[in-house]
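Below, subunit A partners subunit B and then partners subunit C, in two separate complexes.
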Partner chain A sequence: MELQAVLMAAGGGSRMMDLTYNTPKPLLPVGNRPLIWYPPNLLERVGFEEVIVITTKEVQKTLSTDQRLKTDVKMRLDVVCIQEEADMGTADALRHIQQKIKTDILVVSCDLITDVALHEVVDLFRAHSATLSMLMSKVHEFTETVPGQKGKKKAGEQRDFVGVDITGKRLLFMANEADLDEGLVLRKSIMRKHPRMLIKTGLLDAHLYCLKRSVVDFLVHNKSVTSIRGELVPYLVRKQFSKSLNSQNATEDSEKNHKQQDTHHNLELLSTSKDEALLQLARERSCWNDHRGDMSEAYHGGKLRCYVHIMEEGMCYRVNTLAAYIEANRVVPKLFEDPPIHPAAVVSERSLVGSDSIIGPLCQISDRTSIKRSNVGTSTTIKEKVKITNSIIMNGVTIEEGCNIQGSVICNNAVIGRGADIKYCLVGSGQRVEPEAERTNEVIVGSDQLMEI
Partner chain B sequence: VTRLRVKPGESILETSKRTNSRQLPEEQPLLQAVLVADSFNRRFFPITKDQPRALLPLANVSMIDYTLEFLTSTGVQETFVFCCWMASKIKEHLRKSKWCRPTSPNVVHVITSDLYRSLGDVLRDVDAKALVRSDFLLVYGDVVSNIDISQALQEHKQRRNMDKNVSVMTMIFKESPPGHKTRCEDDDIIIAMDGKSKRILHYQRAQALKRLHFPMNIFHSGSDEFEIRFDLLDCHISICSPQVAELFTDNFDYQTKNDFVRGLLVNEEILGNQIHMHVTKDGYGARVSNLLMYDTVSSDTIRRWVYPITPEANFADQEGQSCTHSRHNVYRETGVSLGHGSQMEENVLIGRNTMIGANCTISNTVIGANCVIGDNVTLDRAYIWNRVHIADDVKVKQSVICDNVEVKHGVVLNEQCVLAYNVVVGPDITLPEGTVLSMHHPDEEDDEDDDEFLSDDNDVGYRKDKTKQKVFNPAEVGSEGKGYRWKTSSLEDTEEDELAECIWGLVLNADPESDSESEVSEGSHDLGSHPASPELDDVKVFQNEVHGTLQRGLDENISCDNLVLEINSLKYAYNISLKEVMQILIRVVLEFPFHQQGAQISTAQYSSHLLPLLKKWAPVFKNYVKRPQDQLDCLASMEEVFLERETHWAALVKVLMSMYQLEILEEEGIMHWFNQGSTTDKSQQLRRNQGLLKFIQWLQEAEESSEGDE
Partner chain C sequence: MADSDGRQVDSINHSTEEDVKLQEVVQAKCEGKELTKEEKQRLRKEKKQHKKNKKDDRGPPEKEKEKEKASVLAPSKPATQSPAHKAAPVPVNASASESPVAAEKPAKSKAEQRAERRARQDTERASKQGKKEGGQQSASSKPKATPNELQPVKRLPEHIQVDDPAALKKLAKKLERQQVPLRSDYGYKVSLFSHLHQYSRKNPPTQQISIPATVIHPSIVRLGLQYSQGIIAGSNARSVALLHAFKQVIQDYSTPPNEELSRDLVNKLSPYISFLSQCRPLSASMGNAIKHIKKEISNIPSQCKEEEAKRRLQECIDSYINEKIILASEAISKYAIEKISDGDVILVYGCSSLVNHILCEAFEKQRKFRVIVVDSRPRLEGREALRRLVKKGIRCTYVLISALSYILPEVSKVFLGAHALLANGYVMSRVGTSQIALVAKAYNVPVLVCCETYKFCERVQTDSFVSNELDDPDDLIVTRNGKTHLENWQTVKSLGLLNLVYDVTPPDFVDLVITDLGMIPCTSVPVVLRVKNVDQ
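Moving on to the complex of A and B:
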């Protein structure tokens, strides 16, 4: 086994609380499948047979009961539960399962939906014997109106600055705009080695990482690192060009000079597989080089290398905001060849269901109802003369007669009273919308939930 | 200001041009160029004392000819040559050159003025005279290039058409990453550009920097892809719109192109002007801005990187310059004779009628016309100009030897030597690395050169009446030598950003790792370490100022409050810490009697002078000596002063007593100081002084008695 897959599915979805208040993020329906189905599917497609799933008790319970998931996912899920209250970061989670990790790992987040050719990322990892290789994609512009959001998406979102070399593969720099008050600072030594640096903004980190086994060991020794994206990745990117790591004799000296501990961990990061000597020899004997210009050896003698694969086209969503959730629901159904109307759904012949909509199992759709560009989840009842466009209806929802629902998200078990007119709203789980209500651009959630926020 | 139109070619071409334009009124305006044949700096001193830089030979052809050839071949039809230093020589050269023949496709106008001090002056003059009608090329007279500018020109025009007059300049760059031979370390530029529009967002010279800093506002241009490039060499060729000249007029403080570019980028939001760039991959373009670049560009020319501008092409079309090109890039002009056993290994160019003796080894070398080279001579990376005599058994490594130099028997020139015009060295002397010899005495310019501007020079004539009798130093030039040694490093440049630059330019940093500082703590990005504590000089000056202030206070009977005010303002002016102010004040006051009465005064005289002063200035002291720590510092500096003047130790106790009585010092402070473990023998000795011991004892008793009272 070359890579062990680790699926991080314990996140709370803090950026879309309205949706995740009652449903844990991994179980949110996207295209009538729980979100957590997508990453294993991605892994399965490239031949992984087993994945370690780090998640909460609640999700585990559903995983073990959900029949559909069981039949759909053929790979073995090794579920590890962590306590929700512990407030563990992704790096903490890796530390938690370090016993299980025997090889290099591929970490993927449960909110990733992508059709990337995964081998691109892994090939970078293999070809350069990289310490880290990761996946990024061009940020998608969300076109749909987001319920409860006034105006266009705010541009205030802090951009990530990602610096890559001229091949666009080697990751040289990474920072968030928020940390760059003083301006962007680069060390000249980096520019000497990579005289052309492309700084890209507008990239989405897919949170998919290949990591060397030694990085896990490093995490075990550095307990202060809690998050992969927040701390570990920036650290690794910076470390690529630190002197103590790159020149061998320096480690000798620094052992005495520097803090003992620090050196220890540096070495920890370096200790690679036993093939390293052979690889070294291969590089010495080969005329291959990763750069041109100066005459120094490949990688300038650096041992720690980070790479990134940037998707130029294709689909890549991280379902971590409401806008992304809505967008993903629009796009995802097109990718699968499931019948748009589940065989177990009861759809009246005198209703109109557009081919761009999907209807989940056990739904009941009555006469003279029209559904366009919408997803309708399991066990939902839709009465007569209802008009649904551009909406996401989750499971167990009841929509009474004569409703008009447009551009909205209706969460599990909500009830929409007869004749209600709902435009661009989010209706929380179990909410009741009174008959004849007219709501526009609102977030309708229970009062207890409001307190929470 | 004299403006001279070169006559022969002009009349004919002017008329033909006029008829042309009448026939085709819609034709593109003719392409113009501004060639600045002056560097406005002294990098090539002392060589350029005798010959302007533009006329220095590079591969046996004057540099300005390369520039003009480049302009002509890229389609320039009218060139304005601006000269200042030794303008007459340049004019004369151009008059004889092919550029002034009637057949020349490029009309050359020479404009001279002694008043040009910078590129800014030239461009302001271009604007004042309204010389340019449309986009023009701006180059220096020492640029060697074969770049085809047409594509860049097209892009420039497109940008100007699309966005009316927003882009004012397109700079031409050549790729040359760190470690590349042509990378000019003087011009170690880092550029941030917009990935799509090729707009320059940030332009900085980076040679002294370890960290490169980019302000955030450059990333707010709406683009999502930026490129930071450290692999570019500024060819010093730019395509400018006429606005550039206007901008120089509007901003009279712009002197150099660097000022202009930086100014435009900083004020982009205000002025709304943009600068774009064009990077050539295949073309060659470099400016000979120092001798290292001279070395590089010469060898590149010989190695045919500037094709079709090669030595055998004789593009300047000068008689007798034609040469043959054989294997290993060996070029020979006519009439070259080579002695038995001599080898021209590779990359050698030998001028006409040069005679080379037997058993010489010559590689990577250019030799001018009519030179005589003896037997057993080894030349490597030597640049030997015309009519040079080199005797037997000479070794030359990477050096420049100017016209009419005589190198006598057995001389060894190590790397980066310069023998300026007419120098004689030898026999049997080894010149260390970096020796610069000239017939001009290094001091002679200092005498005549009082104006703050540094053009190449103003005073053309040499001063024949040398006031000082200057002798050649045989240790420097050999027993029969003639010439003075120049200290290279002392040459300063006002144009370039206060960098002390030498004639050879900065040395290529061989070890790229040397500046990759080990990552001590990545968190502390801010290099903004505390400014170094004020230099010693400042402290010294401050001390003198304080002395002056007190002296004046004494003379004019200024009140203590005003003295404090003055000292405080001095403190800010020289950025002196409060502690240092006090230390210096103590020192100044204690030394005051010596300054007034001379250093020889007796102890009794000293104290009789000092004590009234202490009393007079007590409020000043009280202003600075407030906390217990201040008292200790005060005592420590008193001790320091007295340690330097052993003979006056007896006065110490009087000073202490007086300070105690004036309530500047308190007994706790004095006791604490006295009991402090003294470090040196001498200060221990000081503490064993009889008077002092008595004083301390008295203090102790006083303390006890006062305690007893309570």
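Moving on to the complex of A and C:
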């Protein structure tokens, strides 16, 4: 077997607590499907037949009971539970399932929604025998107003500095703004080998990684690495250029030195195979070089290589903030060819459902309601004379008569009283909005949630 | 093919088929078509077998009849060579072999099915040939030059046209059956080369291959990608990488139940080879390597255990690489170094792994010479050769091929590498080589071609059009200062971009060919081929 897929679905959604304090992030509905449906769908389309899902018990329960999931997803989901309280990082999770991993792996995060041609990423992995191959995309500006955001948007998350070579495929440098104190430090060895480097900041890491088997073994030996994105990837990118005879790392303290020597040693050892001699012969006889201008052979003789595929066009969303969630809900339904109005929904003839809205199954939409540019989830009851525009209504919501909902997100099982006028609000899970309320640009959540900081 | 019917058939039905066949052949005769010697021979044999069957009908009970048939059919199995899974007319062998070979029941039925299939194909072929005008037989209808009468007559179709729509459809169907994606051509092809395939690097062959690759072994997918992107380029490198990938395939192979390793593994390799040729057309060296491997696989005795067989195959691959590539290059450099004298100015073209090796060895043996590396667009492989030679310490000059006639007066000899050596003495090599040889001849500079014997190929070609390779035309586009004039070359109807890869050099321009068997003139290649075939 060539690749095994691993789906990381144990994350908490810490950047959108308003949405996730009651519903685990993998089960948030996007386009009337749970978020966790999208990565397996992508994998299935490409040809994977099974995926290892690492998640919490709650999500596992839902996965096994959700009818729709069971029918839509044909591949085998091998669910591995981890404790929610254990606060495992992604690398810890990989260590946890180390027994199941027998070949190279493709790690994907559950909040990724994309239509990338996956073979682009995997081809880099295959053709160059890369240790790491990842996917990145240009960041889109979010245009929708985000409920509950007061004032201008903050400066945003910390930027990622990504350095690639002139072909745009080889990953030379990766650092997050938070890790850089004063400025960007580039090692001379990188500049000597790749004198032309492009540094990009407007890139979104899609959290889709192809990793060699030896990396998993390396993780097993090095228990200090907890997160793939935060620690492992920058480490691998840095390791491409470190000398195996360790004389250049004088700046780091000796402990780390030894550890790095060991680990590097491990990495090298684990990646050699029996037929290395033949491969070496083929490479020697081949008249190809990945760079020119200096006297070194292809890949500068390095065994560790990291590649990145940067998507220019196409859709790639990571649903980890509220803005991304709303944007994804807007764009995703257009991808799939589901009928906008689910056949199991009861929609009265005298209601007006716009063509860019989707209605989930078991909904009841009464007369003289108008729904425009909105997503309505399963089992939602909408009474008469309700106007819904530009909103996201999740599952099990009840909206009484005469309401006017604009640009808002209404979470699971909320109840909106009669005549309420909600503009650009976020109504949390299970909340009740009293009748005749007028809320603008507010986040309505329960008091118990407010305690949780 | 209703073989189930065939299996239940008794000999009477069999003979009626023979009757039909005979009738059709007689019909063809009556239509006044001229039957060649082979046809007449075949007819004679068919008649004999037909008569024998009729005799058997009246004679002993059915069991003996079947035994006869088995004896008739069983030798056909080992007679067919491994690559010849093509139909061979069974009745031809029938009369010759009388030895009753005890065949087991399942083998008999399979052989019987095959015999029925072949008989049916023969009738179809006979009728088709009767319909075609002109008695022109293709040159290859000459039967295999073996004294053994059991050898089947191998026939190629009369009109071999690569861009014939029927042939293309057949190829597409074959690829579909093997579950190998068909790669589509890209861009406008220059009319003289429109029979060749032209692919773009932007449409990789892995677009429709599932991830993870299941139908095609992952190491073969990786190899195909490396071929199509040019990461592994050069005849020797491609062959070594191919054999390495085959080693991994053999490692991961397990014989399915009721199958024999010798036959099943060869069948498994066919889709892989189709996939690789979709990525990049196979080179002559790769073709020879594949032939060798297939022969080795089919020569594995059936009682050999799987582990033992796999180990044997791996060893065989290792020894092939060792003998034909590594040791051969040692031998060639030994011969070639004799030809390099102190004070020489040697001209090389492009990046040939063998020539580089020779020059490095000569430098180590303290010969005093300098090298002129000639390079050409769009591949600019000479840069890589230049890097390797300079790294070794050899004094080099670098020119583009347009400066060839300027630099040749300085040159004392020309060393060229070859992609393949054809049976009529022509040298197939990187495009531009024939130019170098031509101009060198004009300047009376000796041209030496270095080539291992495993690259010798039985093809015959006198021009570079009939069989060549077209590379990605977008490679010819140059971007300077952000401006690309040829960006939308597809929209200009009268413009075609041609990126040829190979050309053939006639033997008049080549003074010596240095092979691992020694230094031979170009015209002795058929002799080497003949000697090789007799050895095998």
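As a working rule, the second predicted complex is superposed on the first by the 420 of 453 C-alpha atoms of A that agree within 3 Å, B and C clash if a C-alpha of one lies under 4 Å from a C-alpha of the other, contacts with A are read in each partner's own complex, and residues count from 1 in each chain.
Everything that follows uses one rule, which is that a residue touches a chain if its C-beta (ideal position, glycine included) is under 8 Å from a C-beta of that chain, and two chains touch if they have at least 3 such contacts.
As the structure is a computational prediction, the values presented were derived from the model and not from experiment.
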{"item": "Which of subunit B and subunit C A:1 touches, first, second, both or neither", "value": "second"}
{"item": "Partner chain in contact with A:142 - subunit B first, subunit C second, else both or neither", "value": "neither"}
{"item": "Touched partner set for A:201, first subunit B, second subunit C, both or neither", "value": "first"}
{"item": "Which superposed partner A:119 touches (first subunit B, second subunit C, both, neither)", "value": "second"}
{"item": "Which of subunit B and subunit C A:295 touches, first, second, both or neither", "value": "both"}
{"item": "First, second, both or neither for A:279, with subunit B first and subunit C second", "value": "second"}
{"item": "Touching both subunit B and subunit C, residues of subunit A", "value": "295"}
{"item": "Contact footprint of subunit A on subunit B as seen in their complex", "value": "177-180, 190, 192, 195, 206, 209-216, 219, 224-231, 512-513, 515-519, 522, 525-526"}
{"item": "Subunit C partner contacts - residues on subunit A that touch it in the complex", "value": "1-4, 46-48, 103, 106, 117-119, 122-123, 126-129, 275, 278-279, 281-289, 292, 295"}
{"item": "Subunit A residues within the subunit B interface of the complex", "value": "161, 163, 177, 180-189, 191-193, 195-202, 235, 238-239, 241-244, 246-247, 250, 254, 293-296"}
{"item": "Residue ranges of subunit C touching subunit A (in the complex, touch as defined)", "value": "204, 206-207, 209-214, 218, 221-222, 225-226, 229-234, 236-238, 240-241, 243-244, 247-248, 321, 326, 350-351, 353, 381, 383-385, 387, 390-391"}
